[in-house]
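Per-chain numbering from 1; labels A, B, C and D assigned in written order.
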């Protein structure tokens, strides 16, 4: 069942430690098959060394296990809420990558201070608020998904133009057209989080990238007339 | 004698440089067999490249060598004091890992500023005081163990809920149910030490994780109704 | 066509991730054959794992593809402008390497604060200004090359004595006699960018390297009477 | 000629990039045969990938090549001055390792702020002054050695108890009983340089390690009654 997707999700999960984004079993990546409305996600707490593609768990959009011997990631319901609300998303990644988590712990947005950011994120990556006591009790993982949606709606952001968010005191979620691009966006978010920390310490007066450069870099890669890459 | 435990302790020691926690022969991990009251520890000053499982040294709870050709770690008596006082501990790790040592040198507790911390430590990781002149002279390693116990008692901390400590001017000790989890807790402590440094430099007003989130993350992994992992 | 140069350019591109200067497909290296007036450059957006020497693209000094199935790097025109203006340059590298990019985002020159710098760069590495709205619209990549030239001319710098520059809000370009030395200069620029950040935070009064030491180190390696290396 | 020493020096040089202390051909390690009064040193500017033990160069205490096809390290005369003045030294290492170089560029001593430092260096690692114009002109490498000696004499330091120094604006030299221990001391110096930077930024009031702990750690490893290691 969904064997090709399982392989993709497995590879994307394995890429997390390869890119230095996670240690041990931290982090989880999923990808959805829109035809069946089912998504594939990493099992909970299994070490990357032992994990195989067949250990990936198939769940429905309410987070119920459809196939698989193992418990799915404890964050499965957050993924489900996002897939349900955003049909344009194909893959989701969650990590506690060092630098993005530092910004999440500081409770601050990651502004676009360079073209490395602009090549992937069309403007600031927002930091969502803490969950309330009630939200934690009502269902931590579902409510986490809702707070992500709330943040994007309040700020009027396009979920594909800004494919990631920080959860205060927690860490980043990123997404994309598939599992692989979700992971790539985690890599970029961590790197720009690192760069921004040191940029601001180096020059407290450093400003955000001018709009004209932000536009140029984002659009030459993602716009209608994009000319980056091989036009896949 | 205790061959399985030797293998586990050997692997856990080898994991220290693998996780970037130590260089050369720095650091030591042990694990105890509660039935015999003996524990197994790394030999002193042997390089990881040459070390084998059979080089691990078996000692009793007074730190006397029971089996083994090599001298045990120079920190053996600190391990012994902790095993004697805390029957709930199965493994202990000591390193000079960069970021935890930085906090130890600064003489400061590592507060819970994010869920990465809350997934493992239920509140601040304390920094113990320097040993006095008398304690250094009376027996540095034994007294180090006693200062660890003193710190946990004065603060009323549960040694399993907060499985680690910093020794001022020195570095971290962590522990767990076995050697492997002791090392894992060292990895987490180093990572949150790093994150906290930069979080506080990024936002001097950043606060500790709200109690509700600390509870949620710690308890979904370690509480009675834990639902993280595969329920081992 | 230009097979030897393709192999050199391919190897130099592969060296970028090996030295930790780029992630994924970021970055690009080229080298020129001055006899034919053609240069070889990395294709755009192709992963390093899949890339072969035969994927390198041959272009002329106006950036037109002369041979190759793939689109050349989106920064090809910047390389072309530099090769046309500076006949003494044989290879060019562009990355978003972490520390050089931090200085680029801060909009600051990287001063010569140590002999590591002086061994490669004879004085400060300049940070060029942002492109204007008009320049972005007229042709971003060509104008980027022109702003590099403008910066060197305004400051009266020798392009071989200072083989690199930062583009504000973007990242570094470096160059050299060939592709390999262009990459080496990127490695040095990133390292001295890192060192300078921490030097200035450690001691706000730290000064630039005295002229006599700058001269000594630069000239013992690059001067007429250089005595570093094997005299190739 | 001195084949065993060549192999040791070769291995010690190869260890520099392995420990992340150097990039490319930066850095050099040597070791001396006190019987013949000759020392073996890395050739200048040869890449570590191509280097073999037989490429090591044998020189006398005036830095003249006795055997070897290649030019010796450009820093050979600094090594020679130190070997001549300090008969107790068996090996010397020079790098531009990131963190030690940062302190050298800042022109500051590296104080003993933790036991990681105390395990190797019995007190602060001094930072030597810049060379004067005259010294640079008289013979940069010889005078560098003399300034190292001057610094140790002025401060009344024991070259074995403090087996390393920083050269202002340049980087560290370390030494030891042989090439291997010289490299190990470089690793320690870089690590404590890193820790000290962040310790002081974390807590501006953090003090040096109390004398009683410095004594205990240094002496349990290097004192007459040392009990660390296997008593080699």
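Following the convention adopted for this analysis, contacts are C-beta pairs under 8 Å (C-beta built on N, C-alpha and C of every residue); 3 or more make two chains touch, one makes a residue touch a chain.
Because the structure is predicted, anything quoted here is derived from the model rather than measured.
Engineer: Roughly how many whole angstrom separate the Cα centroids of chain A and chain D?
Structural biologist: 46
Engineer: Approximately how many whole Å separate the CA-defined centres of chain A and chain C?
Structural biologist: For chain A versus chain C, the centre distance works out to 32 Å.
Engineer: Among the residues of chain A, which are close enough to touch at least two other chains?
Structural biologist: 201
Engineer: Hey, how would you classify the chain contact layout here, line, ring, star, complete or other?
Structural biologist: Topology of touching chains reads as a ring, each chain with two neighbours.
Engineer: Please give all chain pairs that are in touch with each other.
Structural biologist: Chain-chain contacts present: A-B, A-C, B-D, C-D.
Engineer: Which stretch or stretches of chain D touch chain C in the complex?
Structural biologist: Against chain C, the touching part of chain D is residues 23-24, 26, 43-46, 70-71, 74, 96, 98-99, 101-108, 130-131, 133, 136, 140, 169-171, 197, 201.
Engineer: Can you name the residues of chain D that touch chain B in the complex?
Structural biologist: 19, 113-116, 184, 187, 191, 194-196, 198-199, 201-203, 206, 209-210, 212-213, 216, 220, 227-231
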